[in-house]
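Here is the structure we will look at.
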Amino acid sequence: MNSIVFLVVIPLIAAFLSLFLGNLNKITMYIVTLFNLIFSISVFMSGKIPFNVAIGGWKAPFGINFVVTDITIYFLLLVNIAALMSITMVKDIKEYQFYSFYFVLLAATNGMVLTGDMFNFYLFTELSTFAIAGLVAYKRDRLSTGAALKFLILSSTASLFSLSSIGLIYKTLGTLNFADIALKLTKLNQASYNLILILFLASMLVELKIFPFNLWVVKSYEGSITSVNMFTHGMLGTAGIYGAIRILLIVFPNMYNTNISKVLVILSVFTVLIGEIGALKEKNLVKVLAFSSMAQMGIFMFGIALGSFESIKGSLYIVVSNYLAKLVMFIVTKQYSRAVDSKNYIDMKGLGRKYPILAISFTIAALSLMGMPFFAGFWGKFSIVISALSLDRLSTLGIAIILIASVIEGVYYLRISHTFFVEKDVNSVNISRVYSIIPFALALLILVVGIYPNSIEQMLFNVIDEIKNAPNKYINIILSLK
Amino acid sequence: MMAVLRVFLFSLFAIFIGLLFMGIGRKVIARIQLRYGPPFYQAFLDVGKLFSRKSITHNFVMDLGMVMSLGGLLATMLFVPIAGHVAVKTSTNLIVIMYLMAIGYLGMAMAVAASGNPNATIGVSRALTMMLGYEVPFFTVMLGLIIVNGTSSLELISQSQAGSILNWNMIRFPLSFIAAEIALQAMMGEKPFDAMIAPAEIASGPMVELSGKYLGLAFLTHAVSIFVETAIIVNLFMGGASNIFTFVLKQFEIYLITVFIEAVFPRFKIEQAVKFLWTVPMGIAVLQLILILLK
Amino acid sequence: MTKIFILSSLSLVFVGLYGVLTRKNIVKILIALNIIETGINMLLVAFGYVEGGITPILQSDLSIANLDKMVDPVPQALVLTSIVIGLGTTAFALSLAMRYKDTHNSISIRATDEEGVNV
Amino acid sequence: MKDEKSLFINIVALLILSFMAFYIYKVSIDTGEGIKITDNITPKMRVADRFLKKNVLDENSTYNFSQTAEDTSANIVTSIVVDYRLFDTTLEVIVLFVTILGFGFVIPKDRRRILKPSVILYRWSPILMILMLMIGGYMFINGHLSPGGGFPAGAIISTAVLIGVLAGRKTVNHKTLKVVEAIAGISIFGIGIASFIIKGVFFQNFLTGDKIGDLFSGGLIPVFYALIAFKVAAELSNIYFEFYEEC
Amino acid sequence: MIELLLVPLITTLSIAFFIKYKRVTWTLFLASNGFILYKLYSIYGMWSLSYSFNTGYEILGAKFNLGVSNNPIGWYFAFFSALITLIISIFSIGFNKNSKSNVSVIWMLIIFSNLGIFFAKDWVTFFMMWELMGWTSFFAITNGKDKALDGAKYYLSLSLFGAALLLIAISLLGAYTGTFEILPSAFGLLQIINSSTKLGIVILLLFLTTFIIKSAIFPFYMWPQKVYAEGPEDYITFMSSVMIKYGIYPMAIFIVPVVGSVNLPRILNTGNVLQYVIGYLGAISAVLGTLLAIFQTDMKKLFAYSSVSNMGYILLGFSSMTIVGFEGSLFHVVNHMILKAAIFLTLAAVVFRTGESEMHKLGGLVYRMPLTFMTFLLGIIAAAGIPPLNGFGSKWMIIQALMSKKMVVFAIAMIFASTGAFMYLFRALASIFLGQLPDRYKEVKEVPLTMAVPMFIMMVIMLLVGVVPGVVMKPLTTALKAVGYNVDIASWTVLEGSLKNATIDLKIVFYMFVAGVIISGLMYFFGNKSETVPQEDNYTAGEYPEEWGVDADRFNYSYSFYQPFKEMFDPLLESISIDDLFASVGRNFEYLSTTIQGLFKRGEGAVLLFSIGVLLLILGGLII
C-alpha cells in the first residue's frame, strides 16, 4: 500500500496546477476530493490494514513513515467526507488562491492523519494553519483579516512551543517517530516528561479549542464563509482530534499518572461552561455554532482527560455526533442565511415551515449535540458520565458542571429550532431542494447511530482497543517492519 | 321504603329544630338588647310567607344552586348521628361530613354569584375566606380527638365519652372545646364573624338578590346548618345523648352560647377575622394537639 | 559551551515572548515572534551540538574516521525547515498586517474588528 | 500604541515569564530517575547515529570515503534534508508556496507606486546579478557535498532577482515566476511518482551506485536540490515583487 | 408489547409524511390512539410481557439492552393516561380546526414517550423517554408561536436540568449496583444506603429532585403557570392532566418502596427522615399552590397552581408510607387526571370562543355555553373533593392515612389546601361563567360537537368514578397485588380507610346526596312560581348604574377577588419568591454570556491567555 502517499501528493500537485487552471479549478477540486475519498474507501475496504509505509524506503524510526491503522482510516474517511461535503458549499469563487489553499488544506489534513513522525506532523499542522488562515481571510474585509491575523499569531506562537517540545524529545530520546517515542518515553525523567508534554499540549489545545487557548475560534468562524467554516470544523478539527487521540493517548499515555490530566479536566470543564454560556445570548447563528463547537470539544477533551475505556468511547461518540451535526448545521445555516441575507437567526423566522427538511435536520443535529437520547450524542454523554462518576471527586464535580451547562445548550439550540418553525409567511430567495439532501442524509445517520449504536460500536471498539494496547500494537506495526 | 321514610323524617326534624333555634335565638338576642323581640315561632312564619310569595330569578343556575345548597346540607345532616341514630346505616365519618357540608356552601355561593349582583359576590368571597379561616382550627381540634380515639367516626367518638360527665371531651380537652366553640361561631356566620353578611356594608351580601322561595330555601339551609354544626359539637364534646330530647337540649346549650356571643360583639373585618381565627383558636387547638401527641 | 548556547537561546525565547505578550503593534509582535523563532532554532542546534564536534560532512577519510565526533545533523536539518516556516509565517503575517492596516486604519492589535467602528 | 506601556500587562507578562523560567529551571535541576533534559546525550544515542554511519538500511554495513553507501550525499545534513527526510522538505516548500498564495490573496492591490531606482544600482545590477546567479548555481549543484544547498541557493538567486527589481530592470515577470515555481513543485512530486513507478516506493532514490564525494553522486539529491533551489528562488522573488510593488 | 411503542412511532412517521393533509393525519392520529387504548386494555393482567432491544452498546462491561415490560403500576398509569389522551385528542381536532400548524406529529412522539416512560424496564429506557418527552414538550408548547417561548424555555431548562440530575443518578446507581433495571436497582439502592448512607441518600435525592421538577413540587412549582399561561390550550390540557404525573410514577415504583423500607432515624416514631422530606415538600406545595392559586387573575395560571397543590396531596399520600395513603395517592393521580382534563377542556373551550383567559375580563358565559359550564361545575366540585364526584375518595384516603400515622402537620396542610381550593375554584366559576355577560361576548356560541362530546364524556367519567370508585380502584389494587403489596382487591363502591371503623360507601353518599336534593327540590317545587328577569336587573339601592356608564364588565366583582386575604399574605409571598431566584440565575447567566462574548470579540489577549493556559498546565506538572 505504498500508494497511500498519493492522498497527500495528488492534492499538492493540484495545488500547483490550480495556479493555471482558472475556471477548471472547481472541477479539479471535485476530482481531487473524490479521488481522496475513493482512495481512502478502497484502502478501508482492502483489508490490508494495518500497514506502514516508509517514504523513500527509509524504515521507521529513521525516515518518515505513513501509518494506517484502524484509527487512521476512520479519521481519514471522516476528513475526506467532510471535504466532499464542504466543497458542495463552494459557490462563485473566482480566486485561484482559494482553491490552492483548499488543496493544501486537504493534503495537510490527510497528512496529519497519516503521518507517523512527530516533526512531519508539526509541518502538516503548520501547513493547515496557513491554509486556514488564508481561507479565513478570503473575504478580505475587516473582520476576516483581523481574525486571520490573530489566528496566525496565536497558532505560530503555539507551534513554536511544539517545535521546542519536538526539539526536547529529540534531545532526550533521539528519535522523532511516534512509535519510537512511545517506546522510549518510559525511560524519561518525570519532570522532563511533564515539560515536554506541557509544551506539546499547549499547541495541541489551540487546535482543540480548549478554553484559554481558543480565542481564535469565534472570530474565525464569524469572519469566514460557510465552506471555510466547514473546512475548519470537518477537516482541521477532525485532524486535530486525531492528533489528540494519537499523541495524547498513544504517545503520551503516561499523562494519566500526572496532574496534567487533572488540569485538563478542569480546563475542559471551563471550556464547556464558557462555550455554552457564551452562546446563550448570541444571535449570530455562525457564532452560536462556534461557541457550541468549543463546548463540544470541551466534552470530548473531558472524556479524553479522564482516560478510562468508557470515557474514551464516549469521547469518540461525541466526535462522531459533533462531526455529523456541525456539518448539517453549517449547511443549513448557509442556506437559510442566504435565503434571508442575514446570519441573525431571529431573521430566519418561518423558514422551517417553508423548507422543513433543512430545519428538521438542524433540529436533529442540535438534539444530538445536546446529548438527547435517540441521537448519536447521547451514547457519548452516557459513557462519559458513567466513567466520570466511577472515578475521583474532581471528575464527578466536572461532569456535574458539564451536564448542567448542557442545559444551557439545550435552551439556545431549541430556541433556534423554534425560531425556524415560527408561523410566519416568508418571501425569500428560493432554496433548491437539492441542498436538503446532504443535511438530511447526515441527520438520518445521526439517528441511526443514536438508535442502533451497534452500527459503529465495532469501529469504536477497534479504536479503543488500539489505544489501550498502544505500546504493543501500534509500535509493533511500525517498528517491526523492515 | 323504610329508609326513604327515615331520610324524610330526619330532614324534617332537622329543619324543624333549626328553625326553632333560629326563632329562640332572635328572641334571646332581643332580650339581651332590651327589646321585646319576635315570637319564638317567627322563623316558621317567615319561611311560610317566603314560600308563598312570587319570586324572581336570573337564570337556571340560581335555581340549581339553591336546591343544591339545601340538598347538600340535608345530605350532610343524614351523616350526623343524632342521639345515636343515623338516617341510613353508614360510617359517620367526620371528613365526609366536613366535605359534604362544603357542597351546600358551594351551591349557595353559586346561586348568589349567578344573580350577577356584585354585593352578593363580595359576600361570597368573604364567606369563602372565612371558611378557610375557621376550617383550619376546627380541623385541628378534630384531629386531636381523632388521634386520641384512633377513629374518624363521629359515632365512635361520641360513644367513647359514654358514662360520667367527666368522660366528656369537653372536660378532658377543655382547650379543644374553647377552640371549637370559637370556630363554631365563625362557622355559623354569627358576630363577630359575620363579615360576609354585613347588611350595612354589602346589603346582606349573598342574600341581596334572593327573594321569595329562594330566600326561603336560604333560610332552611341556615336552619339545617345550625342543626348540623351544633350536632357535630355535641357529638364531639358532649358525648352525644341517649335520647333525642337530651340531644336537642345539648344542641341548644351550644347554640345559646353562640347567641350570647353574637348579641354582644361587634363585627371583625374579614382579614381581622381570619387573623384572629388563625391565632387564638388555632393556637389553643395546636396546644391541645401537642399535649395529646406528647401523652 | 552548550550551556551558554542554550541559555542565550532561551533568553532570546523569553525576550520574544515578552514582546508578544506586551506589544500592541502588530509589526512589533511579528518581530517578537521572529525573535522567539530564532531562539528556538538556536536551541535546536544547541541540542544537537557535541563538545568539540566537527561538521557532519564527509570530506575525506579522516572525517569518516571521526564519525563519532560529528555534531548531530538531524537538528540542523530540522532547523533548516523551521527557518523556512518562520519566514513563511512572517511574510504571510506581514501581508495580512498590510491588509489589516488597510481595513482597520491602524496596526494596533487592539483595533476592533467590528464593521463600521473606527479604532 | 498608547497602551503599549501599560504597567499591568508588563507585570503580568514578567510574572508569567518568570514562572515559566522557574519551571524550566526546576525541571533542569530535577533529580528523579530516567533521562533528564540536561543529560549529555551524544548523537550515538539518537537516530542520527545511523544517519552518520549511513547504515539505516543495513545495520552492519560500514563504508569509506569514495565508496557507495546508501546512495546519499557526502553532506549528511543534506542527505537528511533531501533524502532521509525528503518529505519534510517538500512540505516546507509548500509552506513557502502557501505564503506566496496568501500574498497574492490579501495584499491590497490598489495604491501602488514604484520608486525610481538609482542610476548606480541600475548600472551595476547586471554584474551583481550574474555573480549571485553563479554563486547560487554553485551552491545547489554542490549542495550534497558542502554546506549550502537548495534553500540558500534559492535565496541567493532570488536576491539577484531582487536587485533586478530594485534596479528597475526587467528580469522576469510574475507569470514566469509562477510557471517556474509550479513546474519545479510538480517536478519534485513527479520524480516522487516516477520513483513510485520504478521502485514501488515514493521518493525512493532510484539513481544508485554513485560514490560519496563525487559531484554526480547522491542519486536524485542534486536534482531535488536544483528543483528546490528554483522553486525557492521563484517564491522568494515573488515575495520581493509583492512587497516592492507595494511600497 | 413492542407494537405498543411501534405503532406511535410509525404513526409519527406517516403523519410527518402526510403532514399537508389534515384529514389523513387526524384520522391516523385518532386510530393510533384508539389502538393504543385497545391494546392496553387487552394486555391487562399479562404482567409477564416484555420486550428488549439489543443496542450493541457496551457499558459496564456488558452489552446493553433497552427493555420495556408490562409493569402493573405502569399499566395503571398508562391505561388511564391513554384514555384521557384519546379524549383530549378528539377535542383537539375541533380545537385545531383553524390553526395553521399541525401538532399531531409532536403529539404522537409525546404519546410514544408517554408509553415508554410507563413501561420502561430499565433506567436508561426510562431516561431516553424522559428526555424525549422534555424536548417534544418544548415544541408542543411553543407550537410555532413566539408568545409561549418564555414559558417553554423555562420548562425546558428545568426539564433538562432535571434530566441531567437523573442521568447522574442513574449512572451512579448503575456504577455502584451494576444494573440499570429499575426493580433490582431499588434493592441495590437499599443496600447502598445501608452500607454507605451518604452516597445512597445523595442518589435518592437526585432521583427525587428530578421527579419533583417534573411534577412541579415546591422549589420548582413555577413552571406550570408559566407554561400554561401561554401554551396552546389543548396541549396544556394534556400536560396538566397526564404529563405532570410523570414524576409521580417513578416515585411510586422506586422512591416510595425504597424510602418505605429503608432503615433511617425516625421522627416522633411516625416516619423516617426521608418520609418527612417528601411530606414537607408535598405540604409546602399543597399550601403554597393553594395560596398562589387564590391570588391569580389568569384562569390558566390559577389551575396551574391548583395542579401544584394537587401534586402536593399526592406526595403527602406517599409520605405516609401506608398502603391506604399509597393507594389514595395513586387513586388521586387518576382522579386528578380526569378532573384536570375536564377543567382544562372547558378552559380551552372558553379560550377558543372568546380568546381571553384573564378571568376579570370574562363573565356570565353560562348563558352562552351551558354545557361547558356544567362540565366546569362538575370539574370544580371534583377538584374541591366534594363527595358525589371523583376527587373526594382519594383525598379522603390520603387524609385517613396521614391521620392514622399521626402526621398532624401534613394533615392540617392538606385540610388548609383543600379548603383553600374552594376559594380559588369558586372564584374561577364565578368570574368566568357567572355574573354579568359583557357585551362583547353576546355573540359567543356553544362549542362545536367535536369539542362538546369529549366534555360530555368527561362529565360522565367524573360522576362514574365518583360514585363507583372501583372502576379505578379495582385495576389499581390488582396492579398493586401483582407487584407484591399486601392489599385486598377493592370493591366497586366501598373505600377502606386506615383508621378504626373507617369505610365509606360512596354509593350511599351519592344516595344521600340525591335524597337531600330531592327533598330540597320538593321544597323548591312547593314554593310559588318564579319569574326570570334579565341579568342586568339587579338590586342597586335605587341607583341606575347604566347612567354612570357602568357596563356589565365593571359590574362584575372579579378583579382582586380576595384582596383583603391577599394583603395578609403579600409579605410572606414576596419573601419566598423562588421565581426571583431563578430569574436572577438566568440574568446572571446572560450577563456572563455578554462578558464572554466580549472576550471573544476582542481576541487581542489570545497569546496572553495562551500563556496563562500554559501556566495552568505547568502548575499541573509541578505538583507531582
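By letter and in written order, the chains are A, B, C, D and E; residue numbering begins at 1 in each of them.
Note that in this section contacts are C-beta pairs under 8 Å (C-beta built on N, C-alpha and C of every residue); 3 or more make two chains touch, one makes a residue touch a chain.
Since the model is a prediction, treat every value here as computed from it, not as a measurement.
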Legend entry - Chain labels contacting chain D and also chain E: A, C
Legend entry - Farthest chain (mean CA position) relative to chain D: B
Legend entry - Pair sharing more residue contacts (C-beta pairs) when C-E is set against A-E: A-E
Inset, instruction - Considering only mean CA positions as chain centres, point out the chain farthest from chain C. - result: B
Inset, instruction - Mind checking the centre-to-centre distance between chain A and chain E? Centres are C-alpha means, answer in whole Å. - result: 44
Inset, instruction - State, to the nearest whole Å, the distance from the C-alpha centre of chain C to the C-alpha centre of chain D. - result: 14
Inset, instruction - Report the inter-chain centroid distance for chain A and chain C in whole angstrom, where each centroid is the mean of the CA atoms. - result: 28
Inset, instruction - Could you give the separation in Å between the centres of chain A and chain D, each centre being the mean of its C-alpha atoms? - result: 30
Legend entry - Residue numbers of chain A (touch at least two other chains): 119, 123, 126, 130, 133-134, 137, 140, 145-148, 150, 153, 157, 168, 170-171, 176, 190-191, 194-195, 219
Inset, instruction - Give me the residues of chain C that touch two or more other chains. - result: 17, 20-21, 24, 48, 74, 78, 81, 85, 88, 92, 96, 99, 109-110, 113-114
Inset, instruction - Let me know each pair of chains that touch one another. - result: A-C, A-D, A-E, B-E, C-D, C-E, D-E
Legend entry - chain D partner contacts - residues on chain A that touch it in the complex: 2-3, 5, 9, 12-13, 15-17, 19-20, 53-59, 61-64, 95, 97-98, 100-101, 104, 107, 111, 119-120, 123-124, 126-127, 130-131, 133-134, 137-138, 140, 145, 148, 168, 170-176, 180, 187-195
Legend entry - Touch list for chain D against partner chain A, complex: 23-24, 26-27, 30, 32-37, 39, 41, 43, 45-48, 50-51, 56-57, 83-88, 90-92, 94-95, 97-99, 101-102, 104-106, 178-179, 181-182, 185-186, 189, 192-193, 196, 199-205
Legend entry - chain C to chain A touching residues, read off their complex: 13, 20, 26, 29-30, 33, 36-37, 40, 43-44, 47-48, 74-75, 78, 81-82, 85, 88-89, 92-93, 96-97, 99-100, 103-104, 109, 111, 113-115
Inset, instruction - Going by the contact rule at the top, pick out the chain E residues touching chain B in the complex. - result: 268, 364, 366-367, 373, 377, 381, 384-388, 392, 395-396, 399-400, 403-404, 406, 408, 411-412, 415-416, 419-420, 422-423, 426-427, 429-430, 434-436, 497, 499-505, 508-509, 511-513, 515-521, 523-524, 526-539, 541, 555-558, 561-562, 564-565, 567-568
Legend entry - chain D residues within the chain E interface of the complex: 9, 12-13, 16, 19-20, 23, 26
